[in-house]
Amino acid sequence: MAVTSSPAIAGRPGLVSLVFQRKSLLIGLVVLGAITVFAVLAPLIAPYAPNRLSVVNRLQPPSGRWWFGTDEFGRDIFSRTIYAGQLSLLVGAAATLLAAAIGITLGLVAGFFRKADGIVARIIDAMMAFPDILLAISLVAALGPSLATVIVALGIVYAPRLARIVRASTLIIRELPYIEAARALGVPTWRIMLRHVLRNLVSPILVQATFIFAYAMLAEASLSFLGVGVSPEVPTWGTMIAAGRQYVGSADWMTLFPGIAIVLAVLSLQLVGDGLRDLLDPRLRKDL
Amino acid sequence: MTRYVIRRFLGMIAVMFTVVTIVFVIVRVAPGDPAAVMLGPDATAADIATLREKLGLDRPLILQYLYFLGQLLRGDLGQSIFLNMPVLSALAERAEPTFFLTLFSILIASAIALPVGILAAYKRGSLFDQVATTLAMLAASIPSFWLGLIFIQVFAVRFSWFPVSGYGGPDASFIVRLSHLILPATTLGIVSSALITRFTRASMLDVLNDDYVRTARSKGMGEFQVVMKHAFKNALIPVLTVIGLTAALLVSGAVVTETVFSLPGVGNLVVSAVLRRDYPVIQGALLVIAALYVLINFVIDMLYLVVDPRVRY
Amino acid sequence: QQRGGAATVATIGEPNTLDPMVSAGDLLGMITQHFYETLYTFDKNWELTPLLAEKLPEVSADGKVYTIPLRQGVTFHNSQPMTAKDVVASLKRWTDLASRGKLVAGNIQAIEAIDDNTVRLTLKEPFAALTALLAFNNSAAVVMPADHMENPIKEVIGTGPYRLKERKADQYIQLVRFDGYKPREGEPNGFGGARKQYLDEIRFVPVPDANTRVEGALAGQFDYADLLPVEAYDRLRGQSKTEPLMLESFGWAMFIMNNKQGMMTKLDLRKAVQAALNAEDMLAAAFGKPEFYSVDGAMYPKSYVWRTEVGTEAYNQGDADKAAALAKKAGYDGSPIRILTSRQYEFHYKMAQVAAEYLKAAGFKVDLQVVDWATLVQRRAEPAVWDIFITHSPFLPEPALIAPLPDTYPGWWASETKNKLLTAFNTEMDQKKRIAIWADIQKLIYEEVPFYKVGDFNALTAKSPRLQGFTASPWPYFWNASLKQ
Amino acid sequence: MTNASEPNDGALLSVRNLEKQFPTSSGTVRALSDVSFDVRRGCILGIVGESGSGKTTAGRCILRLIEPSGGEAIFDGVDLFKLSEKELRAYRRRLQIIFQDPYSSLNPRMRVGDIIGEAIDTHRLARGAAREERIAQLLGRVGLRPEHARRYPHEFSGGQRQRIGIARALAVEPELIIADEPVSALDVSVQAQVLNLMQELQQQLGLTMVFISHDLSVVEYLCDDIVVLYLGRIMEMGPAQEVYANPRHPYTQVLLSAVPVADPRAKRDRIILKGDIPSPLNPPSGCVFRTRCPYAVQACAEIVPPREDVSRDHSVACIRQAELAGQREFENQENLL
Amino acid sequence: MVITASSGVGTGAALALPPHVQLKVEDLQTYFIQGASTVKSVDGVSFSLSRGQTLAVVGESGSGKSVTSLTIMRLLAHPGRIVGGRVLYRLRGGDVVDLAQLPEKRMRAIRGREIAMIFQEPMTSLNPLFTVGDQIMEMILLHESVSRDEARVRAKRMLELVEIPAPERRLDQYPHEMSGGMRQRVMIALALSCNPSLLIADEPTTALDVTIQAQILDLLRRLQKEIGMSILFITHNLGVVAEIAHEVVVMYAGRVVEQGLVLNVFERPRHPYTRGLLACIPDVRRDRTEGGGRRLLNAIPGNVPSALDLPTGCAFAPRCPLVVDRCRELPPLIPVSEDHLSRCWRYDDL
């Protein structure tokens, strides 16, 4: 590695062709898109209602009639899996949005105002000291388990990650000459924060948010699996695996398909995140 | 150097303090009267009042907070409602499996991640790199409980190579107890190796581009030496942080894994405590684990003193 | 049978106490019966048989005075001999603390020691079920030393064949042979007779996850695994390290309604629930194959004298329209029915889910609250927080002991008719007449719907082939059992 | 130039006793001590010095981009350091800055038109079509084309970016521009283009300029007056021609002799300094240059040399300057003989 | 990742160099080929460097100076590749080898021992985790079979040689404890510790202050006199060239445009680009009027072309004031006088 690569020499090719050049990003987007389409169009696609019981048909292995088999209540796993996608994606997305809202605000304030920084940075550090699942569990325990509290808890859990990145980037950007130029022009601080700082943070935030989305989905699954998250009769991939746990070894399809769904969703999100990082800001590659 | 140590130490104390405050707040956000929640519906009004008094809940919030701090300073984490024992002892009883689980997971993770990460960075863009990067991402996408279930099926049930659950009986030898840890540690190790692999790779990529690596090559040094001595040692510094933090965060994975493998560790305790609404245990576990994380962070900072001469003054 | 060895027993969870008086769980009874003993117990035919008592009590002609001679030479684990003083104190504690003890507390005139080895219990009214109550191993009238009766207990000191060595919460409860134990003469007979101490040690390991219990059994990690999901039957068959044990008519499941507070106090609403539920589907979901359950509305299975089918036409309707009509009649306001259940007993949870669907089909809203068993036991005591909770019971030799009958039991079924019938039943000493009264009670249960019987089920457990001399039972015990080395 | 402590009449900006300390974790960095100079209206003042001498800090203090620790900066009769944040905003229009790094001084996520437009908007100078017109005009003025307004900074070369930075500064029609090493990052051929542009603008618009640089030949060529900084202190200042022709401070002499000249035949006695610049964390006592000064004597460690005028507007901070000057004259005469 | 030469021309035939020549680069071509895009960073560079002499390579950023030096050292990063040309080098024993063809293993023995290199950034060129002494000793131990103690003594001598005060103490210091100038001295000590015949210095003073630059240039000159190595000195500063080099190679867009003795080239540049460069440096004597007024600099218009799309023919043509039709055809390096070459059709009009 003797010669460092030089900044982009050629003009920028279009975004679409850039996406297509990155195989993994493309794969990620396609898979994620497919999952989203399945989830959103679940009512149209699902051959059965997700909660329709049919006890006579319980624990049927995958077949032409039940593509993914049935569960212990005779519910169609395929239908449930795609319906569960709705909620799993919803939890992930909502938690990510919440984390972004909290994290960006905190990070910007901390990065921009020295006085606030002392406290905010320390809160961020302290929050990061709690392992994510553990903090989420405790918050859910304190707030009472429900879909909403899981979202809130995960939002709170992941907010510091964004806050930290936003803060760190803000601290760097704040010192850049173009900020100084704006200050020299007399541009008001709030405008500098939005137009100059936040705008330059879009890429790292987007990248990080993608990963948080993935982690939040995993975390939701873990919480549900442990029985401290979403109520078990609400179909999410986590609750489905938790239910299927009793049948591992006898009806493996109950855990297999929702498991694959999680892996695919999380993997595609990570591929997208990684691809976005490459695409938007190669310098970010270092922080994960 | 002393200055660095003191600064880090004070920083650690400050974060600890914040951690304590956050834990205090979390338990207080529980809707309703914590004492009533803790005691459960069986409790009589008198019981609740007694507990309120015992926990100091009848005092103004700030006094409660001070009382809480005072208790902590005396090393008192309170009393478990369900287990009828001090939270600290309950945690101590469960420390061993969690400790070894974390230790082995991190060893397994590092043993996978470091060589793979280094090689992937060195052969950037090669088939090996692509496969390794993809596998790492895949590993990071697998829910650890799911992997654990699969492992139990395959290695414990089908092949009977390892015990399915628990941590051995009362007189289980250390070896037996270790045998209980192999599957959970492998599960966690694989899942957490993903992060370390990717980080090692990224860190190595950075370092391989550094000028001193070029200097080393210009000395006529062999590639292996260049990579291991000059590049890796430098790349190790950020990787060390990640390994340390992963170790601390593994407790999180341990929550899930310990439940899947019925390991009587801290994570398992927390989950049971949540199900049993044993708030003092949740609070205590949160505190201890976060404190551990902060402490590990501090230790890593101190390790820098050894590894990186730049921070020595 | 060989002496020696340590048996590992996978239990469904961690008991929240080791005091069998303060809680009624089967799990607690199963564990504590090894170190705490009662005056009486049941033999293999579910007949009463003496344990700490020398022989069956002498009952006065009016059925009010019970004279109980005690066995001599019984010592506690702390080497103190057991005397009438300890028994009196224990019985008093039992009437104070135990839910079953409280049943008779109001009826007791006096408990006194006649001499060192005889206790006399005087009732206000005759009470047929008293001896059965005294024999039960949960909410049990166990004998503790008079000077170790704190609540909560500080030290576990009983008279049983095994004594507590160590308890590590969530890890194990380790029992070791009590060398000072003096078994009764003769041969073992069910819970009664001689209790043999082949095993050196018994370890109860909490494994809350049923599937892990199955897998542990399959892997040979457990000598006995309690209450397994019936689906595992096929997996357990033909294995080298474990074998399935099927316990026919192990028990029955019920949905207890809150008769004291909330919407379920309305009879029509209870009836609506009764109409809505499809017991067959619930059983099928919970227990899988028909071999594992029977759709039966009667309170006792065929083999019991108490068997009758009166009233059971209201059982297993699954009629959404009727339910909806009843709900409307009751003025159901659309607020959710709060169903309290636990996953510790997976079949409870599954029944709850099926029930929820049937209730929804009938136009109800359902709020399924899934908590752990300990919490459920705590919460069900609070009438404000639930409408229905799910539990189950073994078939008890004495109907008077059926849990939801007394109005103190959470659910608080209180009705004049019931009280009349129950009093008659309890004071009647003639078996024929009692059977007739019982039929009326069963009919009343279907009319007033204080709870909903879901059906009977078998239980699946597993033991390793090494474990010998073990008799399956709803409350498995491990004295008399041994391990083949 | 004057070294009187009152503001000079002809000066647009008079800096007096400017001090700046940075408290850092390892101690206080004394970046500037007792810096006073005047910038004459319509002239270019050069500030030279090695890296870390405080050139940038001085510029940023004057513009209040960082808060000075002491002193005053009288701009058009008003002490900039005493203005409140709000009052300052009006002055922001009159003083502008150009940066060294053409890459980081432009927001990569903003179009060139918006970068320049932001200056116009902030001071509400024009709107709508007039604003666009003005942007086009500014671009033309710095040698770019109006359609460049729609492009992003990364689509330009370093020299072009520097032109955009200049256009942004010009957008508010400032009276004084502080140019902090505006050409150091550019290739020689482009550097010359930008220097030409700056000169043209300065002349056409009658701008006053502070030109910060470490390139002595550029400063000599471009500037009317010069200030030589070393470790945050002024060593020598005066009209550029005079200082270059007759440097009186040993440091200035060393600096000038160290500049490589693109003439292989130029034969010069080079004074090679020993050692490095001391750390600003604990600068030497007395004269800060004494640790490297070939002429240092004991007294140099004891007193901070006061500024001495050597001719009109030319002052030196060296206690031995007169003595040394005499010596040199003597040598020169000897050479002549 | 070091890419070994791909063209498999045998090295069988004995290679020869005139006796005074240390290094001769012939029509060197180094491309960066990635997918469809090819960056011709070095495209036909030739020069020769005599023993004990200093050859300066000068050119603006991106002209291919660093790539040339890295090619000689065979330290090109992926996807850089030597596409053509020879790099003839005289080994200590007198044998001549073509570095472009040498197997990596032999190249390793040459790096550091025969050819050493110093870089632009003294701040980052030393490994921050090892003491200065370790890093110098590492080089000595790598190439010579001496004991550690001996290597340490040698390292200390090297520090003395580059005039670092208190060398014994400095050996145990880490790079971050030193100033930039000091570190560049350490780099020089490191480079010279095995007595190389050729020192490649890639902008060694660009990051330094003028006073420190003067020190380093002075040091290099002195060391060259003492040790007698050849120096390939890369810079973009014509002043530095004038000061240190005997000969100069001017590069533009990956090609040599002019080459000759420094005196000749500076006195009478025979390529419009060289002339333009010299005119860009402000010079008061030239650029000020009598009255002290300023003349505009004689700047070269336009920008350095992107390496991705170079114009055909003379790459300087679009900026050249003397451009004619013929410039669409690439001129060869034309000898314009003794030891003076120019790649311009109109060299005579200058």
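The letters A, B, C, D and E name the chains in turn, as written, and every chain counts its residues from 1.
What we mean here is this: contacts are C-beta pairs under 8 Å (C-beta built on N, C-alpha and C of every residue); 3 or more make two chains touch, one makes a residue touch a chain.
In UniProt terms, the chains line up like this: A, B = Peptide ABC transporter permease; D, E = ABC transporter ATP-binding protein.
Treat the numbers as computed from the prediction; the structure is a model and nothing was measured.
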Chains touching both subunit B and subunit C: A
Contact-graph separation of subunit A and subunit C, given in steps at minimum: 1
Pair sharing more residue contacts (C-beta pairs) when A-D is set against D-E: D-E
Computed distance of Cα centres, subunit D from subunit A, in Å: 50
Between subunit E and subunit D, distance of the C-alpha-averaged centres to the nearest whole Å: 33
Separation of subunit A from subunit E, taking each centre as the mean of its C-alpha atoms, in whole Å: 50
Whole-Å gap between the CA centroids of subunit A and subunit B: 21
Per-residue multi-chain contacts in subunit D, two or more chains: none
Two or more partner chains touched - positions in subunit B: 152-153, 157, 210, 214, 217, 259, 275, 277
Contacts with two or more other chains, residues of subunit C listed in rising order: 209, 215, 218
Residues on subunit D engaged by subunit A in the complex (per definition of touch): 60, 63, 65, 88-89, 92-93, 95-97, 99-101, 104-110, 118-119, 122-123, 154-155, 165, 168, 172
Contact footprint of subunit A on subunit C as seen in their complex: 209-211, 214-215, 218, 229, 231-232, 234-235, 280-281, 284-285, 288, 343, 346, 349-350, 353-354, 356-357, 368, 370
Sites on subunit A touched by subunit C in the complex: 51, 53, 55-56, 58-59, 72-74, 227, 231-233, 245-251
Sites on subunit A touched by subunit D in the complex: 7-8, 11-12, 176-178, 180-188, 195-196, 199-200, 202
Touching residues (chain side subunit D, partner subunit E) in the complex: 50-51, 157, 159-160, 187-193, 195-196, 199-200, 214, 216-218, 220-222, 241, 244, 254-255, 257-266, 270, 272-273, 276-277
